[in-house]
């Protein structure tokens, strides 16, 4: 390349200046002999979990009843080792364990990893219900094979259910790494702290937000763009956000919320068998068996419009 | 690691319990000597198709007129082999072919693969129009090089057009794997069954949903968050969804739909040269040359607001 | 495979037909001895930049004060070389440099690359403020470690700030490749031309669009689905879009815009300390300290609804 060597030789002094900024502000680096949990390794864990939950749907082909035990057994040993290590690194971030030795943290990490892995047989039953809910809820679906291989809902809800099991066991950071990975892949943002019942389905899904303190019953269906959010963020006397309060709504069993509707507030309860229509904006509780829709929207309809006019996005 | 060997030795019994769940429920595994079509291989097919459609824009550099034939010829042979195999695996899932031999399915897969590959020269002309529509439709665009390399619309529409060609030929599963891959990368969810005319552009794109039975004319432009969806899901006498009916709207030529508008229903027709404004929610047909906008929204404007107040997301 | 050799032997003639389409239309290929900037290499540059900006949070573990200098120094040399090359390739696309030699472009590319790399120490301070804004703005956040590792806002804003530095220096194409990569990963679409002040946070983020000519002050917070867009696209006498005009709004310091609100127009100014409520649709300027909300929406609430009814997405 026809580059200027003198200019390139300024890189070492830039390196010095940059490293000096690490010393000044220690909040946005992690320079420490104990690493953080690794996003890449957590994603690898999720890939392995998908293989053991939906065998034959993932990367390994030619699995059948006579060889699946060896394959799954090998993956579970890897998952045991990787989860033990990653959970131990995450627990180190909990101030409660500040004085624990590395060995103590690894023992505790292993205990949580084994407990977690032992939930997978039951989780598979939950996930089978979610897979069927996706088929039953979408007239465009051709079968459960399609919903497992293609539907963002199945991927996001599967990752949420796994993350929630770690969240319930007090593991820092890893549950959120998992659900944000799902968010990135699917556009569906479910906080691992939310609680969600059986047979849950989100159609299309892009833009859905389910807040940390949501409570969702069984047989609930959401569409794209639905926000189950907070109405207000209480602050304490010093003006700091209060972080441990129910801020997000409750949806009872058999509720349906259509596209781009917004339901807000920790005291808002949508009663069972209720339906919230598309684009509704709801901040109050409704009884069971209620249908909430927008008043027929007032539209301005001008005929004979010439599209050579230049009005744009907000017309 | 300081882990407890006894605890680790519980993994084999967990493996047994997990494998037992495969026997109980056979809907969420595919343990079979014939594999499913592979998502990873379908994505590799899409990467190859991008290389032959937009040569010089993808992973291979230094392509020019004197070497492109060798490169493209090699890729087409690989595409022939990979598509033949993947389509054959997909056709096996169609009950109509339940009694076909593997050889018959591969022959049929090859025929579809070759038919499909032969559409690419014409598809390139369609895609060139889409690329130009993106440039013509966005004042922030600097040229077609940028629209091909950067615009989610070009990626999503290209993948949709390829998937639609396979969908039309009755290939199960693979078209949806393709469009959901595009959905994951772009936030644009186009069902492979939709029909879309020439010179189509979606600006920004995140959150767009185009249902399976939509019919879209030529020179149509959509913005982010637009839903072209279903108004109701008819059920049969047993309460099961009816799956083969036009449920989604028709947009005639030269229609523009601005951000976050929602158009619903299989009988809804937006006449040619009409404009649907931002956030409009439309369930009725409109004539050609119609401009539909929200009534100027009624806003509550309170001046002198102190943002130290704590009201939040729903204010 | 049981495929038909004769059918496979049609591939060479398809190759000929396809290559013929490259000759006919030269707008959607780049067959040239000088390649385009490479998306894959630009993404690799972003990965390296993340490593030097947030050391210890990325792929390399076990970084500490005594070894980080070697690691970062090595990455900066690679960044120098890769950026020099990619910027030189991008500059070639600027008609202004049409007559420059490859050597001149590489020298100019190197100059821009070195200038850009020298902004990183200051950019790190900006990004530290964004990281803290994410923690301060979200009651569900457990700390800055979580915001760096998990929050789409931090990833999208970091990539935007890097891209904006290249955009300001007149580098074609690469800034947009960068921000569209962020858009794909996070659902947040920030044009590299926008200007954004300090301590910026976008919660959840999916569906956010920030147009090319937006001006955003300090301490601004946005939620998912917010559009800061254009109201109209002026055209010139020939009906062509005018591409260099302020089309997008200005948000002054300390503004908050809640979920799915839309603010449109190049002359629209949201005064400092104002709040725009969820789902508001605003096309006019508002004074400082203003609270803009929807009128309490008129909802139709029907009790005793039987969900066996079949009305769907638009109920």
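Chains here go by letter, A, B and C, matching the order in which they are written, and residues are numbered from 1 within each.
Note that a residue touches a chain if its C-beta (ideal position, glycine included) is under 8 Å from a C-beta of that chain, and two chains touch if they have at least 3 such contacts.
Note that this is a predicted model, so its numbers are computed, not measured.
K.L.:
Tell me the shape of the graph of touching chains, choosing from line, ring, star, complete and other.
P.N.:
Here the contact pattern is complete, since every chain touches every other one.
K.L.:
Mind checking the rotation angle between the two copies, chain A and chain B? C-alpha superposition, nearest 5 degrees is fine.
P.N.:
With C-alpha atoms aligned, the rotation comes to 120 degrees.
K.L.:
Any idea how many Å lie between the Cα centroids of chain B and chain C?
P.N.:
Going by mean C-alpha positions, chain B sits 22 Å from chain C.
K.L.:
Specify, in ascending order, the residues of chain C that touch 2 or more different other chains.
P.N.:
Where chain C meets two or more other chains at a single residue, that happens at 187, 206-207, 225, 227, 229-230, 233, 259-260, 262, 264, 278, 281, 294, 312-315.
K.L.:
Across the complex, what residues on chain C touch chain B?
P.N.:
Interface residues on the chain C side: 1-4, 7-8, 10-12, 14-23, 25, 27-33, 35-40, 93, 172-173, 176-177, 180, 183-184, 187, 189, 191, 193, 206-207, 209, 211-212, 223, 225, 227, 229-230, 233, 241-243, 245, 247, 254, 256, 258-260, 262, 264, 273-275, 277-278, 280-282, 286-287, 289-295, 308, 310-315.
K.L.:
Inside the complex, what are the residues of chain A that reach chain B?
P.N.:
Where chain A meets chain B, its residues are 52-57, 59, 61-65, 68-69, 72-73, 76-77, 80-81, 84-85, 102-103, 106-107, 110-111, 114, 117-118, 120-121, 124-125, 127-128, 131-132, 136, 138-146, 148-152, 185-187, 204, 206-207, 224-225, 227, 229-235, 239, 259-260, 262, 264-265, 278-279, 281, 283, 294, 297-307, 312-315.
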